[in-house]
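What follows is a single structure, written as structure tokens, with notes after it.
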Amino acid sequence: MLLSVKGLTHYFGGLRAVNDFNMEIEKGIIQGLIGPNGAGKTTTFNLITGMHVPTSGEIIFSGDNITGKPAYHIAGKGIARTFQNLKLFSRLTVRENIRVVQNKQGKDAAAEEERLIKLFELEKYAEYRSCDLPYGAQRRLEIARALAIKPKLLLLDEPAAGMNPSEVDNLSELINMIIKEFDITILLIEHQMRMVMKLCHKLTVLNFGEVIATGAPRDILNNSGVVEAYLGKGGASIRGKRSER
Amino acid sequence: AGCGNKEAATTGDSKEQGDVFKVGVLTSLSGAEVYGGNITKRGYDTWADTVNQKGGIKVGDKQYKVQMFYADDQSDPASGADAVERMITKDKVDFILGPYTSGVTLAAAPICEKYKVPMITGSAESPMIWQQKFKYTFGTIPAVNLTASYPVNTLVSDIPGGAKTMAILAVNDAFSKAVAESFKATAEKLGVKVVKYDIVPAGTDFTPLLGAIKGLNPDVVAVGGHEKEHMEVIKSAKSLGFLPKAFLMHYGVTNPDFVKNLGKDAEAVYGASTWTSDLDIADALFESSKKFVETYKTKWGDEPDYTATGCTVAGEVFGAALEKLGAKPPLSESDREAMVTVLEDIKVDTLYGATSFAKEGDNYHNNTGLEGLTIQIQGGAVKIVGPKDKKLAEPIYPAPAWDKR
Amino acid sequence: MAKGLSVKGLKVAYGNIEAVHGVSFEVNEGEIVTLIGANGAGKSTILRAVSGMIPVKEGTVILNGTEITSWPSHQITGLGMAHVPEGRGIFTRLTVLENLLVGAFKRKDKKEIDGDLDYVLGLFPRLNERKKQLAGTLSGGEQQMLAVGRALMTGADILLLDEPSMGLAPVLVESIFNICIDIAEAGKTILLVEQNAAMALAIADRGYVLETGSIAIHGDAEYLSKHPDVLNAYLGGAS
Amino acid sequence: MTKNNKALVGLLLAGIAMLMLPLVISSFWLRIVTGAIMWVGLAQSWNMLAGYMGYVSFGHGAFFGIGAYVTAILMAKGLPFIGALVLAALVTALFAAIIGQPTLRLQGAYFAIATWAFAEGIRQLVLVLPFTGGANGMRMEAFLNENFFYYSMLLVSAAAVAVTYFLFQKAVFGLRVRAIREEETASQALGLNTTAIKVKVFALSALFPGILGGVYAYWITYIHPESVLTPLIADQMVVMALLGGLGTIAGPIVGAMVLFLGNRILWVMFGDTSFYLVLLGLAIAIVILFLPDGIVSLFTRKKKTGEGISKENVRNITG
Amino acid sequence: MELLIQTIINGLLIGGIYITISAGFTLCFGVLHVIDFAVGEWVMLGAFITFIISTSTHIDPFLLLPLIFVMFFIAGYLLQPTLQRVITKNKSNALLMALAFTFGISVLFKGAALTIWGFNERNLVTILSGKSISLLGINIPSLRLGTFVFAIIITIVFLWFLQKTRFGLAVRAAAERQDVAGLMGIDSNMINKVVYAIYTGLTACSGALIGAIFSINTEMGVRYTIFAFFVVVAGGLGSIEGAIVAGILLGLLNSFISVYIGGQYVFLVLFLFLYLILLAKPKGLLGKGW
């Protein structure tokens, strides 16, 4: 097991955002974390990466107990992430955004930097300040920057938000490629089922901070609890104004 | 005057090099000490204008007017040093009338040493200055530790049934602290019990402290500070319904603003001084100190206090030294060196009284010719109430109640 | 043209960089019109310029017959336009309830405000549970609900919605689109920017396709949803 | 590249000019320039922290004061100037590192005011400590060599500028510092030990003011709390850096020169009235009103129009 | 015992003075997010103008407060757009540049006051000056009590206005995001002007009161800037409740240190305290600051 989370619980004041959460992630797969808005997905990410200290529970990464360790320490161990609300270094260029987090500098690092920029199709923006990039490019840059620290586990928080279906497909391919090229494991939060279904080997479903289902994507899709709480009836339920006329 | 310095109003038209003595005036025209800075400037200007009116300083058989060059030290020692450097090297002043504050004096004095330009301060009164033994720096006001003992003496020894207990408050600046130390030392020497002694940082609210002192019920509340703090102490005490038998303060009480702003509340407050406008002393330049007061009053609207007067006298002392020296402007380096010797030996009777400078010891180059005075505000005016042989009015003790004035 | 929104030759620039190069379109009363386009095409920029958040460089914007080009946004709002901006723009230091009430700032009809409040809280039960929570601590999706709810509270006749479904769980995406239909049926007008082009076209009357700051294709929704270019570029191929 | 060479030649010429300066100007103006150069070093140090890392300190005057006092106290104990100065520098930086650790956890205005509170605390402490002379201050034996102080200040301030250039503009360290400025949480999540970096920058930005304070004390020969620990020192660092252009290397240099020399020139012209304050205040307000990105934006902007504006250009210049 | 009660009362009343200076200041920060360096100069100008009007018309300063408020309200209302221009023109460091701008303004005000009114000390006399209410050996200075009441009234009005009124809600919304507030129909430019004007108006009034309690001179601003900053920050920037708590705490501390520890250490302890408060409570005493 690359990561195992045991009995993770977190309170914000009186509000229990995550409740006795258990999850294991095998090395080399893409695991999905889905659930309704406010279910506690992002909070879970924050706990794993050390941005919040859990009220109780344990997080074991590659055999190390990283619970409550400072964020930079956890990143150093090999967990990188992206943010639901982008957190790029706005006034740094694309290139600098990558370079700044690389922990070794030098020829190899420079080559790695080039490679990431190419892979993520950021060549033409390389010298732009990141805040001046179109949204989609900013999303890609965030992933590239996370990869620059050479993580073993990559946590992606809604990377496809605000993308149209074609862009979602492109991003899905990119992520598929990453997992091959970089020898890493991915934990993905995403509401776009199109992407989740295309990528994930396994899904964990969260509601009210608790796991309500876990298993292969296909099984989850048919889980009535998940359908009711999260998936809905798919586009079918939309009445379609146009057809009514 | 390449830098656009303005001349004193009555300098006349003598601008040619060698026609006038160029005098540098260094003082605080902005920043925290702007009040006293302006008072000193008034003192210096009164001297210059009067000298020029009378035709100038007499050297040999010729008279030379004085031309004033001003520089603002921004109440900051570094700016003060810049200012002296400027006046000496650019304006080529022959001598300098010194700063208002002791801090600026300490930073400016080394520059005067460097260029061998004499400086007399008419205001700085921290004893620390004189301990440095600057060759070119002199001062007309006796250091505070020399003057602050007089009113304590009066209050304790001269008044029948005098003060037995005293609370001392002071602001933590060089001048005010020295005042408090001197009050304390004198009081203790005379067997007075000091029930409270507190040196507070500038800007403190005195009310809580006075509340505490009120509980101790001392005969005298003595304060080291400036006009602003003195006013605040009186206002605070009154609003607490607190009235000791006497308030004792130092500089600032003699300041016209003190009485003007406090009105009857200023009554009976004691202070220390070296001079008041009540004195009648003969003077070469103004004929008498009374005439000086008149001149000053028509010029500035207020009565001069001992600081302004000390500054005017600083100018007079330079004048006397120049007459004695007999050197024509511009002064050469050797002239200026010789001037120091003249100043060291000089003994002039000015409107301030006998003025002479110590040649050695801890008061090196400070005016030790003068004695201190105990003063008290009576009927809205500054009256001399001690020491015994000098008093012009009887001391009032204890002070009348706030509402019986 | 009487009612609705009409934009002619709109140009908008950020500093010296022009992002929208002369765009014209209209939205008639009671219509749902969608604006689709790739990331960075200029959709949000157009909405911002229309609602007065950023200045117009050239062109005219007419709302219900009144020219409102470069009016300050608070005045435009007064004419009955609401805008759910990209990135939600909720007031993080106000509570959920206060956010909704700010939406009704310009309204005086106290009774109807209360009615609308009940309506919105009914639409999003999550918000009802969290009425007193500071909006900044809501999850991403919860904030999105709040942003839409707040726009509904303005009681505006014409709504500009910038990616209202972003970050919402699939089940909520459905409700958002259904809400749009309800609103339109109530006679209000909607200009909808959506990445989820398939759904947007499903509920819209007409649409415009924006490519790098200019309109490339436009037509009624049915036409667009079958247009090969649109299919390829925005609908993820034949899906 | 040729542009770079030109800049290098320009820099070299400027350097030579600076070295020759004492030969050509009067001792008064040399004094003034010495003061201006001191402020360049001070403003630049503040810029390291505020401009590059985004932490606005209102307490940097304290480090100047600490440097001055430590130097004075050690010299009073008989140490030679250089020895005292080196020790003062170390003490100041160490002190900053210690105080930085907790203080740098604060954000924005809270950090600003915490540093200011701590600086005021130092001033009050000096007033009551037994070995600082309290309100009386301390006087040192005068060493009246204007050239010595000119070159000393030049050396220290040039070092501050060079460190800013090489460490903050050119090295990855500077990128990391700027990353903290932009997104502190993201920096942490991506493996930067932000606390360690912040403390280093804080200590470095205190080091130069510490040294400059020591040189100042020896130069002016008299220090007291009102002169070396007044809040005005930090205020001026802030205003100089902002006036010139925050987060740029030229900004604090230009800002310090303009404000200090401007003050002195107005003061020379209107020195006997307080009117110069009116002009000074007006000048500051007007410059900021019309050049909101500082005086250096005047030059970069010209460049932009000269070369025509492409998207890239704008980014490079402002980045 | 008497001393203890007197010390508490003195502390509370000093707190009242601090709150008067800070109430407008914290509102201004909360909405505009600008630290106005000239806060002390507004105090000073308020004091001088009151002095001048009061001495020439012989009207009691307390009666002049409404007039002073209106005068300075207008001044602030007219100045704010210029400040706003600095804020909106700058992209990356708007608030810092605004701070530097107000620094320039403060130098200008100080210089102008010195040039026009000179260096003299002034004393403002009110109907309450020098009076006190005595109860069981405790003295309550009337002027300070009046100031305390003034402070409490304005802060309560502020709180009520911000928390309970529609317009207050709009102010709080605009404080956070002016562009989005605009979409809600809120004219944030107008709000900015009004808030700044309220701030200058109130601060000037506090100057009149302070001038009456202490004394008036052109340098007085610095002293009060310090207290305004202290209260506003310790209370949490922009938090009015916080300012009340911090003002009272600061006043009590001041009074108790003076009496029981020694006036010598009053500021040393106060600043140490402020520093520690910030470390322990990074968003102010009530944790409600920006």
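First chain written, first letter: the chains are A, B, C, D and E, and each begins at residue 1.
Just so we're on the same page, a residue touches a chain if its C-beta (ideal position, glycine included) is under 8 Å from a C-beta of that chain, and two chains touch if they have at least 3 such contacts.
Because the structure is predicted, anything quoted here is derived from the model rather than measured.
Path length between chain A and chain E in the chain contact graph, taken as the least number of steps between touching chains: 2. Under the contact definition, chain B and chain E share the contacting chains D.
Rounded to a whole number, the gap between the C-alpha centres of chain A and chain D is 43 angstrom. Note on chain placement: the centre of chain A and the centre of chain B lie 76 Å apart, centres being C-alpha means. One finds 28 Å separating the Cα centroids of chain A and chain C.
Shared interface positions of chain A, defined as residues touching 2 or more other chains, are 91.
Annotation for chain D: residues 124, 127-128, 273-274, 276-277, 311 touch two or more other chains.
Under the contact definition stated at the top, the residues of chain B that touch 2 or more other chains are 30, 32, 34, 172, 201.
Residue ranges on chain A touching chain C, taken from their complex, read 12, 15, 35-39, 42, 84-85, 134-137, 158, 161-169, 191, 193-194, 229-235, 237-242, 245. Taken together, the chain D residues at the contact with chain A in this complex read 172, 175-176, 178-179, 181-183, 185-194, 311-312, 315-316, 318-319.
Taken in their complex, chain D has these residues touching chain E: 50, 56, 102-103, 105-110, 112-114, 116-118, 120-121, 124-125, 127-128, 235, 238-239, 242-243, 246-247, 273-289, 292-294. Partner chain E is touched in their complex by these residues of chain B: 30-32, 34-35, 37-38, 169, 172, 198-201, 203-205, 207-209, 211-212, 214-215, 227-228, 231-232, 235-236, 238-242, 257, 261-262, 265, 402.
Across the complex, chain C is touched by residues 166, 169-170, 172-173, 175-177, 179-189, 290 of chain E.
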